[in-house]
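Down below are the structures I want you to see.
Next, two complexes with subunit A in common: one pairs it with subunit B, the other with subunit C.
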Partner chain A sequence: MGNPSGDLPEAVERRFAAGAFSSGLSVPDFAACLDMGFEPIGLVQGFCAMQWGWYTMGGAFRRGFSPYGGAPGDYLENYQCPHGMRSAEHRAWGQNYEQSWIEGAWREGFTSAYSRMLEEAIALGAHGVVGVLDTVGEISDLGVIEFHIRGTAIRVTGAPPSPVTPWTTYLAGQRLTKIFEAGYVPVSIIASVASVRVWASCITEYLLEGLGMSMWAANSGPAEVEQMVSARTAAREIVRAHARQQLDGDALHGVDVLVSEREFERGDMEIQCLLRGNRLRRFKDFDPLPVPQPTVRLS
Partner chain B sequence: MTTADDPMHALDLKAEVRRAMASLETPAPYGGSTTSDLSIDEELNLHSIGWEPVELVSGLSVVSVPWGAWNWGQGEISAASEAHEQAFRYAIARLHNDAAAAGGHGVVGVHIARSVHPRHIELALLGTAVRPIGASVVTEHDVFVSDLSARDFTLLMVSGWQPLGLAYGASFVYAPRRSVGAVLQQRSQNVELTNFTEAMYSAREGAMERMQAMALALKGTGVVDVTVIEGPMPFAPHAVEFASWGTVVRRATDVHRRLHPRMVVSLDDPVVLFDARTLS
Partner chain C sequence: MSDATNDLPEATGHRLEELEHGLFTSDLSVNEFLLIKEVGFHPVGFVMGSSIYHTGFQTRKWGQSQELTKLTEAMYNARELAMTRMEEEAAELGADGVVGVRLDVNYYEWGKDAAEFIAVGTAVKAEDGVSRLNKLGRPFTSDLSGQDFWTLLQTGYLPQGLVMGTCVYHIAHRGLGQTLSTTGQNVELPNFTQALYEARELAMTRMQDEATRLEASGIVGVRLEEKSHQWGSHTIEFLSLGTAVRQTSSEVTLAKPTTIISLDN
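== the complex of A and B ==
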């Protein structure tokens, strides 16, 4: 995640200077914070609204011309029609390709909101931000996406200001306590996205409609839809690769992967994978642990 | 266990936190990055039996169902059952490959996302590859796949058992049409529709038999944590489905190790809401 740039709204600075702290912590999480030697100092937030002006680049209007060439290093697979029969309706080729401009725009929106949240945390003199929540939603039907990231800035009681950027984590309360007890320290939240566009080939379309390898082979048995499997596998691999690039030797814990698919028109769809997790660094070896003692609760 | 016996509670938490924070001021010591969807509790559970997470892995498949397969007919809809079997087989094979490539000996906590459409069946598996701490690489044939959580995996291993893999079975069966006479006769009666009951029984036997055969092929003793999905298909109400899957297990030690769970009584009061009548 990127570093903040330093241009807080005047109202924010005035509110931060007022004295009383605000937080998004529940009472148990607040108590756990105090146990760890943290004091909450403010609810910090960052926003960014992005317009997806390039979302339809490479859309269906290009079908019929040559396949999209792809950006260097991006995932790209072409599927040629094996039938040799060409007509205006028949698909001469199909394609899976990574939409790196979507991934880049998403990364820019998320990173901007994240940096703005960190900027507020630094202004408060925070050592870290706990209990981070992020939401990504549409704020109009014009393709405008809003990124909103918020969390509770904390300071280690009695410690001098940290020379490094505040750490961040989705965790709070006892779950965060156990992270420290297990020998990990949070570094940052990690979020990445992968977007793969699928232009179904004739074979893929036939198989998804149950028609077999050609439109006359309706009675052939089940067959795997290779293009769809490749696209979905690629989306998951890309999102994991993007996350790994941000780890720099650290561990990624508690990963949550959300997969969404939407069809723009027949045979033209996007597969999007969103991965989020906590980047953790080991600061000591695991303490020897006893085998857990099973218990039965009498109630 | 007393507090002194428990290393997690013998820690000076505030001192540990300060030590952890200080470590952020120096560059990360290089180590192989690991990724996992396990919680810290699950990782601690794994660590307690000498295992560690390695990598988040996935396997998926999309298999077509031939056109017309769901039309009225008799007996099993073998094309759909076969498509279901293929989808599971291919996805699990890919999960094996992914896990072996990452250096895992098994995959735990596998989330199974399955959807049956009129013309195709989709399956997506996602889990965390795990291995005994520091263990060497094994081939994909020696990797096990399990939908048990890391906690359940730990419990299984502690009691002397081991997971061997996922067993699955599915059967889609037509519910035969009733005769016109039967429809007219039963129109105003509260009666069992034996055609649906028999179709469910038929689907169940087909699916369970397949799952059991897979467990035996894996040289397992049984299947635990079986998930069952059954009922009419939303897009073809005259067809019924029975699908099941679970983790095949076998005893790894000579005898089952009894766990002797300790009984605990929570001293927490149940939640009592304020009641104004208690004031009178």
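== the complex of A and C ==
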């Protein structure tokens, strides 16, 4: 067993000391796991609760006065008003900028929870963690976000405890079996977030809301909202660049990209892009899969 | 049938009597029914147990994260009562176990601070006549579907019981000073991390203790559920549920799955 770090709660030690294993695997995944020669040894988890706000750089004072300069190297795009007019209703400029401080805080929360899960896995002498699930959610109405990462620690039947950090993967069951058959071994899960704040320009605001520009509206038909497209494209590119940095030359498989949009107030939005995938490494040549059996449903 | 611990309502007696004459009710789908037959079990009846429980109220300290032990106990006992009554129904039918168990909590307008806990499932009996009762001499319970039950038996494991652990936890409110000192930053709140971690671990350890009592080799399909029920947002119940299993043979008879490609669109 061992106890590499003293900050696991007392309840964890009691749970791990119990004779029975616990696993978050469904029965089909459990069966596939035994079939691969793995035995589940325990459900492992890690947490990180963080205070959370979608603060803008400079806060409310910045808004409407002058464009934000951006941190060096961050994505930043300005949209000048082409109409040459200023008023309380008419925005003189719009801006897309990367909120690298949000991305950094997210990474910190996720990594802390992840390494705590690994601590539990190491305490169990695991070789790997399969079927990882992560949830990032707000705790009631506290302005607190909790990162919760969990998975099932496994041991290769008959093998001595792993001398290296256990590998982790979102996959379990037959999907994981296929990865091994294809000649890959899992290295770790990869997760990253990109956050782009959109401060809509007068044109974007009009196109989104149909407000504030009625005198130019007469001859405008359906049109692409350039600023929004640009923000979404940038968020996707940023998140892919983050993932590439974490890969270190390995392959990334089973990627899932989720884009979400949050509106703080009219014309002030955050585009968030979350990427999750499995970092894999090749260990042998590809064995072709057996030829699949075609099936037709009769009902 | 034995009449030990027989506190089942009269209506049950009549229904169960009919079931004993060979007619069975079940909420299994046709596929589940066939799979359960395939592994040598026969459904004997749809069984249920319920308990209406006054969960009560417990004072909490505004600024302190703590377990609300009274509520934890209430939530646990109420479910345990419902489960035990369901097991009694199953035992009455001479069943070896109950599959497809669902545990629900209902709140009604007529009962403030009270809740109805219900457990329902399909009782099954082994066709070879060999008892599959668990270590406590009671029918096993599990939330496994027919498909899962079939697959599990192919791996040489047998369900022993639906095991659970719960922990009702109050999460501290943050003082104005604390909130102000971190305004404008996204930073970790170690106290919150630790409190929520501990609450879930307590629930899981209690579940584990139940499995140990059944002399199980492990628990599969562990789920962690979080609900605020009717206590307001700062009080959360962490419920951990899973099916305890015992290895009865080291032989895995699960055939290698065939890869298929569906030609349906």
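The definition used in the following text is that the second predicted complex is superposed on the first by the 264 of 299 C-alpha atoms of A that agree within 3 Å, B and C clash if a C-alpha of one lies under 4 Å from a C-alpha of the other, contacts with A are read in each partner's own complex, and residues count from 1 in each chain.
As a working rule, contacts are C-beta pairs under 8 Å (C-beta built on N, C-alpha and C of every residue); 3 or more make two chains touch, one makes a residue touch a chain.
Everything numeric here is computed off the predicted structure, so don't read it as measured data.
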### Message
A:D35 in the overlay: touching subunit B, subunit C, both, or neither? Say first, second, both or neither.
### Response
both
### Query
For A:W101, is the partner it touches subunit B (first), subunit C (second), both, or none of the two (neither)?
second
### Message
Looking at A:Y75 after the superposition, I want to know if it touches subunit B, subunit C, both of them or none. Which is it: first, second, both, neither?
### Response
neither
### Task
Name the contact category of A:P292: first (subunit B only), second (subunit C only), both, or neither.
both
### Task
Check whether A:V27 is in contact with subunit B, with subunit C, with both or with neither, and answer first, second, both or neither.
second
### Message
Which partner chains sit in contact with A:Y114 here, subunit B, subunit C, both or neither? Use first/second/both/neither.
### Response
neither
### Task
Tell me which partner A:W199 touches in the superposition: subunit B (first), subunit C (second), both or neither.
neither
### Summary
Counting residues of subunit A touched by each of subunit B and subunit C, the higher count belongs to B
### Task
Quick one: classify A:Y170 as touching subunit B (first), subunit C (second), both or neither.
neither
### Task
For subunit A, give the residues common to its interface with subunit B and its interface with subunit C.
35, 289-297
## Note on the structure
In their shared complex, subunit A is touched by residues of subunit B numbered 1, 5-8, 11, 13-14, 16-21, 23-25, 28-41, 43-45, 47-49, 56, 58, 60-69, 79, 82-83, 86, 90, 94, 118-120, 124, 126, 154-155, 158, 259-266
### Residue numbers on subunit C that touch subunit A, as the complex places them
144, 147-149, 151-152, 154-155, 171, 174, 182-189, 192-194, 196-198, 200-202, 204-205, 207-209, 211-212, 216-224, 228, 233-234, 236, 242, 244, 252, 254, 257-264
## Note on the structure
Per the touch rule above, subunit A residues touching subunit C in the complex are 9, 11-12, 14-15, 18-28, 30-31, 34-35, 40, 43, 45, 47-53, 55, 59, 101-102, 105-106, 108-109, 112, 139-142, 144, 146, 150, 174, 289-297
### subunit B contact footprint on subunit A (complex, rising order)
35-38, 127-128, 156, 159, 162-164, 167, 175, 177-182, 184-185, 187, 207-212, 218-225, 228-229, 232-233, 236, 240, 243-244, 247-257, 259, 277, 281-284, 286-299
